[in-house]
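Please find the structures below.
Shared between the two complexes below is chain A, which pairs with chain B and chain C, respectively.
Let's look at the complex of A and B:
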């Protein structure tokens, strides 16, 4: 019974925590410019994320150790520095974007410029990390994040053509603006498969004390939770396609996005959009801050746990303190949150190979995985993601340039 | 399926300096290219028209009291900012007289929407 409750909680957490600044921004931009046509990128990103989460969750449950820890131990500190830097840079940029998302939500609600909110947001986030436990950080914010179901309600109210949405889940070539189309596809993939997501998930498995008894919980949480979460992200794209595309509206500012929900749902939709943006971005802010601290602490072998008192894991606590305070600076200085989001999603996509390829190797190492190493199906899945990751690495920057990002 | 060994993988990063220099060069080019997104006449007129359409929708929603005054004002400010930015860009990218006339029309439409929304928010 306890396990079923944990399973339900895991699925709900994955769903409530799926939307964040990147998935909202890229989904809305994709829908506004190409209607339902980029639905396939969201589907592909969701499937890839589910596979990567299942793998990192299994790695943690079987070995009792984190991905970063194993990476450093098995491949050496000099190799470890490459993925460390490649994950820290985009994760930090995504963190800045998330703080920007919260700040913009507050700006839209109050009229006070977003830059004034950056430091208070960082302080509240830090306080939550300092005083809270892992379950409060993860489950609390994700539960509140279920408010994002409002996108589903809005889409149902607009009576979309479901067959056309289904057709968008199959990749197709655009009639015009090819570079922009592929740039947005890369951005959507970058938002869906951000490395911090599966590294955080893996650390969370250890925080929750997962063992091999949790392998089914892991499989279902990663699969079903992400499926529902990806469905919600698809609703963002669909809503934008219905409201913006017929009017030829391109999205250059977060303020425009509020109209996606205000148009079908009126004042209530507008308010719920602000609440959704605030909660989902705030949830992602604390999660990414923790993910960065986990990565450094696990990689360098420091004591770490969000469930420990900060005095017991001082270097870990210092790391998240420094990370969140540094991340609020660009927003406090007035950096454009949407531009930052677009850049960080592309860099996120480009950084994938250095975490995905070593994961494929570790998942086949029987010294680590014992009898739970990857089968042929798992290898094909992870191998395909690794190929996709290399393609994204090569194409991300040229597409950003050509696609007018 | 034969998979790369740990030694193969680590060799790339722990190996000769040339490897690391190559990786650094790719990263530098990637980051440098990020700084300069493509702009042309078509994309800039599209962007200006998009702001005109945004303001039209914002005016409708403001009339229905679906959005608050703060957001309407912020959209207005963004559109004014976008128009100021697009005007010199369109002048630069418009190559023929017909393009210049069309660009003027697009900018005028946006200006008209700005005025209408300003009136609506007073």
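Let's look at the complex of A and C:
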């Protein structure tokens, strides 16, 4: 019985925590410009994320160590510094965007300009980290994040052609606007496969005390949970396609996105959009802040745990305090949240190789994985993601230049 | 299983813990002692930013100098004799106390002057479930 509860909790956590500023923004822009046609990018991104999370979760459950910890130990400091910087920069930008998402939700609810909300949001997020435990931070926000199921309700109410949605899951070439199409594909992939997600996940496995007995919980959480989450993100894209595409509306501000829910559900839909944007972005805000602190603490061997009193892991607690306060500054200065989100997703996509390729190495190291190292199927899967990651690294900047900026 | 200790794989960059199993950083460098008329031997485990920066490369030491001024390279660096090594496993346990290490001064300073001045720093957090 307890096992079932744990499985259900894992699925809910991945699903409720899936949507955030990046998946909402890129999904809506993709749907508005190309209908259901970019569904494949979301499916591909979700599958990649599920595979990466399963791997880092297995790594943590088998070795009792986090991915960042092993990355430093096995690759050495000279290499570690590269993924460290390559993860910190995009995750910081994504963090700023998440704070922007929360701030926009509050602006739409109150009429007070979003920049004034940046500091209060950072303080509330910080307070949650300072006082809360890991399960409050992770599961609490994910449970509330289930409000994002409203996108599924909205899409059902608009009676889409399900076969057309299915057809979008198969990659196809665009008829026009090629650069924009591929740029949006890259940003959807970047939003789905953020490095902070699997770094956070492997640290979380240790916070929750996972051992080798949790390999099944890991598989279900990473696999089923993410597929459900990806399904929700697909509903965002589909809803946007139905609402915006026939009206030929290009989405260039978060305010417009509320129409995806307000069109089928009216005033209630508008309110639920604000609640969804607020909760999902807030949940991501605290998780990314923690992910940055985990990465530094584990890489440099400091004491760390969200379950410890801040006095017991001072460098860790100081790090998340500084990170969340720094991240609210650009929004407080009035940076455009949507533009910031778009560029963050592209940089995030470009940063993938340095965390994906070493993972492939570690998953095959029997000193770490004992008898649970990757089989041929796992290696083909991770290897393909590594190739995709290199392609994204090469293509991200040119495509952003041609199709986005 | 191999015999002996592979310094590069098993010691360099490994997570170090003190007598009470608290994290005290990583093995940032290993130093050999050169002795007259005898073969050199591994003498110290070095923990701390300066040792780490040197391994990363010149650009990193340069960068660190920009931020810290002209340090003599000894600030915040712990040199623990190799003989203090108690066990080698996933982590390496050293027979030292966290409070004695110069490389842990930052942690203590932050705890005292920053973290503990904020209400709730010592407050209750539940153990993992």
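We adopt the following convention: the second predicted complex is superposed on the first by the 404 of 405 C-alpha atoms of A that agree within 3 Å, B and C clash if a C-alpha of one lies under 4 Å from a C-alpha of the other, contacts with A are read in each partner's own complex, and residues count from 1 in each chain.
We take it that a residue touches a chain if its C-beta (ideal position, glycine included) is under 8 Å from a C-beta of that chain, and two chains touch if they have at least 3 such contacts.
Because the structure is predicted, anything quoted here is derived from the model rather than measured.
Undergrad: Superpose on chain A as described above, then tell me if chain B and chain C fit or clash.
TA: Superposition check on chain A shows chain B and chain C fit without a clash.
Undergrad: Please tell me which partner, chain B or chain C, touches more residues of chain A.
TA: For chain A, the partner with the higher number of touched residues is B.
Undergrad: Going by the contact rule set out at the top, does A:315 touch chain B (first), chain C (second), both, or neither?
TA: second
Undergrad: Now for A:78: first (chain B), second (chain C), both, or neither, which partner does it touch?
TA: It touches chain B and chain C both.
Undergrad: Which angle, as a multiple of 10 degrees, do chain B and chain C span at the CA centre of chain A?
TA: 120
Undergrad: Answer with first, second, both or neither: which of chain B and chain C does A:208 touch in the superposed model?
TA: After superposition on chain A, A:208 lies in contact with chain C alone.
Undergrad: Could you say whether A:346 touches chain B, chain C, both of them, or neither, answering first, second, both or neither?
TA: first
Undergrad: On the A-aligned overlay, A:10 touches which partner chain: chain B = first, chain C = second, or both, or neither?
TA: Neither partner.
Undergrad: Across all Cα pairs of chain B and chain C, what is the smallest distance in the superposition, given in whole Å?
TA: Closest C-alpha pair between chain B and chain C: 7 Å.
Undergrad: Identify the overlap between the chain B-contacting and the chain C-contacting residues of chain A.
TA: 74, 76, 78, 81
Undergrad: Flag every residue of chain B that touches chain A in the complex, lowest number first.
TA: 1, 3-6, 9-10, 13-14, 23, 29-31, 33-34, 36-39, 43, 46-47, 49-51, 53-54, 56-58, 61, 64-71, 73-75, 78, 82
Undergrad: Across the complex, what residues on chain A touch chain C?
TA: 63-65, 69, 72-74, 76-78, 80-81, 130-131, 133-135, 207-209, 300-304, 307-311, 314-315, 317-318
Undergrad: Inside the complex, what are the residues of chain A that reach chain B?
TA: 74-76, 78-79, 81-82, 107-111, 179, 243, 247-250, 252-253, 255-256, 258-259, 262-263, 265-267, 269-270, 343, 346-347, 350, 357-358, 360-361, 364-365, 376, 379-380, 383, 396-398, 400-405
Undergrad: Which bits of chain C are touching chain A when the two form their complex?
TA: For this pair, the touching residues of chain C are 9, 12-16, 22-26, 28, 52, 55-57, 60, 90, 106-108, 110-111, 114-116, 118, 120-129.
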